[in-house]
Amino acid sequence: MESPITFVEDELLRKVPSWRDYLSAKLGFRNHWYPVKLSREIGEAQIAQMTLCGEKILIKRVDGKLFALRDQCLHRGVPFSQKLECYTKTTITCWYHGFTYKWESGELCDILASPDSKAIGRRGVKSYPVEEAKGVVFVFLGDDDFDVPPLAEDVPPMFLDEDMALEGDSYVVESNWRVGCENGFDGLHVYIHRTSPLVNDTQRSLPIGHTAESGKIELREAPGEPKGVYDSFAHHHSLWEGRVEGDVVVKGVRNSRADGAPSRTTAASLWMPGVLRVDDFPDAGRHQFEWYVPIDENTHYYLIMIGKRVSSPEEALAHEQEFWSRWKPVSLDGFNNQDVEARLALQSFYKRDRAWLEEMLIEGDYPIIAWRELAHRHNRGVQCPEHLG
Amino acid sequence: MESPITFVEDELLRKVPSWRDYLSAKLGFRNHWYPVKLSREIGEAQIAQMTLCGEKILIKRVDGKLFALRDQCLHRGVPFSQKLECYTKTTITCWYHGFTYKWESGELCDILASPDSKAIGRRGVKSYPVEEAKGVVFVFLGDDDFDVPPLAEDVPPMFLDEDMALEGDSYVVESNWRVGCENGFDGLHVYIHRTSPLVNDTQRSLPIGHTAESGKIELREAPGEPKGVYDSFAHHHSLWEGRVEGDVVVKGVRNSRADGAPSRTTAASLWMPGVLRVDDFPDAGRHQFEWYVPIDENTHYYLIMIGKRVSSPEEALAHEQEFWSRWKPVSLDGFNNQDVEARLALQSFYKRDRAWLEEMLIEGDYPIIAWRELAHRHNRGVQCPEHLG
Amino acid sequence: MESPITFVEDELLRKVPSWRDYLSAKLGFRNHWYPVKLSREIGEAQIAQMTLCGEKILIKRVDGKLFALRDQCLHRGVPFSQKLECYTKTTITCWYHGFTYKWESGELCDILASPDSKAIGRRGVKSYPVEEAKGVVFVFLGDDDFDVPPLAEDVPPMFLDEDMALEGDSYVVESNWRVGCENGFDGLHVYIHRTSPLVNDTQRSLPIGHTAESGKIELREAPGEPKGVYDSFAHHHSLWEGRVEGDVVVKGVRNSRADGAPSRTTAASLWMPGVLRVDDFPDAGRHQFEWYVPIDENTHYYLIMIGKRVSSPEEALAHEQEFWSRWKPVSLDGFNNQDVEARLALQSFYKRDRAWLEEMLIEGDYPIIAWRELAHRHNRGVQCPEHLG
């Protein structure tokens, strides 16, 4: 038998009252929108499988629109995906006894082997709201009676802007999603990137570390808007030399570019339900969006989108070409892979719930604490074992 | 460390008072006869290993007769099977310190390295009653002081009949044994077999589904006889067309054979401690017997025997030849393999104890409930962790 | 997630009051010296990794001297060993944020990315006392405030003697360390060695079994000295023939050597924290030392050293040559490998805590009980889950 997902002990939760829900959210938060695929990955009539916050989900595209259902027959719990049977465009039939459900609503509309059953028309498999935006497929992982908020509340500001052209790719990383969030937002961890090919490629400057001045990070908590922690690097103290016992052992990289463009990242911000925005990264005028989406307790879906404001289809096309020829190899595969390695190392520690109380954060880590507290205040529910089934 | 076998929580058991023991019997029932090997698999002087309801067992054939012992030395718990040592025909010696036991009784009769120990003659390893019938080796998995019932009470009627010739083969399936029983007895699941090569090979008719009329299944509970649920298909309503939203999407197969033989299976019955009999299957005049024997929580030994009444050695030989040339490829490997796939899918759900309360059975599933309740009433004990050691 | 280390239930511990701590010490005892490597395995400036009683440790040799630190950064718990960074000879820097520690003390002396943090100089990673003796690296696995005893209290008598030349090699064995101790000290288990190439090679005598006379083993418990159980074979009753039902089925080997040397092992003794000494083994005038060092619950580091008293460098060299040309293949790889197989078999039983209460020890096993009780009385602490982190 698989080892069960054990939830966090009350004894530990009581020790962090200001971010209790965050410690509890091993499997993520409920009643939020999460990206699960890129639009390009689900063609017409295709069915895609995924796991989100521990729930197995199927998505089908029908006449261009996407529909999502729980991948588990009501009758005896088998996964539809073991052997997909779709006799009509708008239904899915369980391979085992012919239980047939509507993609649009999840309603049990027929049972091939038992057409007279009273269950028909009265029961349904869980269906999930789906939206597509900017080439990304979002699923709302929520309670049936929850009033679904607009997608705009669950993505970082700018992401949905009309002139923002976005290209991206995704990875699966073997760490908890919170470890992904914290590594990405961590102002001190630039230390690991000093050897990245991105630094030379973009002639960027990269300090050994930079620390937010206390009190200078901004909390974004306005009703009806995305909730996040915004950290402008303008208020940062940058460090260009690393010393051991007084001797310089590591130097940061200082470039002044010919084109005069700001050669530094200007801000990082982390938004509910777990998505980072980095401004002027991987280069001036770009915005990198990174989602850390819970698959299960030990795995997250890592979606990276790079955005650039464009004013014509030609500019959008140029951005697309640049993404694949430059940013994909140099930034995603060459810079963010260093973050992936760091998350694997973090996971070896943070997989134990108690580790969250054993860590020794320092002054420069306070934006991370601000994030944990904001997530505690603004989540719409914690995913729990009883939601999995 | 291996993950421990966790037993079913009382909270769940209390919710199914009419089939509590069945929910509890993850590892099977105690004090029943189970088939563990085919006779042909244990030649004279050979020793066979198996696991039954979590207990590791050795069986040896001595002068034609079979004897079974627990595969674990009393002294320090090592398995005899790590390095089999039999200095005499009737004893087994532990390779580690020379503890020697009699195959017939399990009695500790010698310790090679400590011939004066007081334990000699006073202690013994567990021995199990063994019987052979119809080419099958049965072991009684029971308490030492239990009054062993005749094998005839633990096999389906007809199996031991003198004129019943039987041939078979076995598989190991990665699902709980109860999932095997329920898939086999399930009247609705013929839906998955419509693509089986057996349908053409035998020119059989196979509906999309068939449903027992309420109240028409028979409970066999007479004292001293096999206990089972008998479901005659004469009382079934058969369905030949499967519809989705009014349109026919799947059709059953209707054949009328040249030889006028009944081209349909006529009945299915499920017997304690977990064995199915299907009448007129895989063809008219045959009876298929299927045992789902607990190996451990997640695995069962799947023994299929096909029987035919014969009146001469020639007819018995013809049945044997037909088994290997026809039924083994077409029925066991071509039809029952579809059941094996279904059981693997069921196991992904039913491995969680709570799933047994989350399933959504429908009208046609009532024979399965009747089986669970009969198994609750007539089992002779539930196998528990304390029996494993 | 890894399955957690579950500690022993109080219900079981209460049943063995005289050796409770021993049953509890799945992960070994704290505040003892353990061998972890051979000196030859850590050259100047090299860093070695190991796990001792569940704690991950790094050892570096600096100017000939060894220093040991916990392999886990204080900040966010990542292992230094994921990417070793040593900017100076005497420090180690965490690859993630540049936290830098002194090898000598574990003191946090610099943070490259945050040179002004108040944590600098005030915190430290755990450092472990290290000693080298006889070509073996010992680590003291203990509490920070524990008064470290001399190494001489945690090794068998003779081991540190000046004229004792020692050569050895190590293995990793997939069993709990206690299973290693008990198999090695077990007087009855010579039964398994009757087929070993060592018997012929050394023309030794080897009985089927030998049993200590009751009351003749010696407990060594003097303050300030090694604590152990000493079992002189002079008091043993040897058995040369093994019988089953009266007939001799196995014979021991009796050799009388041409050189008149005692052809028998003369004593075995087992010492805290889990190290065996066998006298006149593998041959007259040699002493075999065997450590069973806890790596984790299911694994131990098996270090075998063979000692011989020498009076000149030439004799020491001859001993070294004999170790590699004769004892390594014939004794370590040819005799002790039989013990390793036995331990793997024992582990299949003793991995369950309850097994320690289900075993059926006999008269000849009383030295093992004496050992368990001595270990209970003289351990300096039990390693527990809260020490792991």
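Every chain is named by a letter (A, B and C) in the order it is written, and numbering of its residues begins at 1.
The rule is short, and it goes like this: a residue touches a chain if its C-beta (ideal position, glycine included) is under 8 Å from a C-beta of that chain, and two chains touch if they have at least 3 such contacts.
Keep in mind the model is a prediction, meaning the values are calculated, not measured.
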{"item": "Graph class of chain-chain contacts, one of line, ring, star, complete, other", "value": "complete"}
{"item": "Cα-superposition angle relating the copies chain C and chain A, to nearest 5°", "value": "120"}
{"item": "Separation of mean Cα positions, chain B and chain A [Å, integer]", "value": "48"}
{"item": "Multi-partner residues of chain C (at least 2 other chains)", "value": "3"}
{"item": "Interface residues, chain B side, partner chain C - complex", "value": "1-3, 72, 74-79, 82, 87-88, 91, 93, 95-98, 100, 109-119, 123, 389"}
{"item": "Contacting residues of chain B [partner chain A, same complex]", "value": "3, 6, 188-192, 208-209, 211, 239, 242-245, 247, 249-250, 297-298, 341-342, 345-346, 348-351, 354-355, 358-364"}
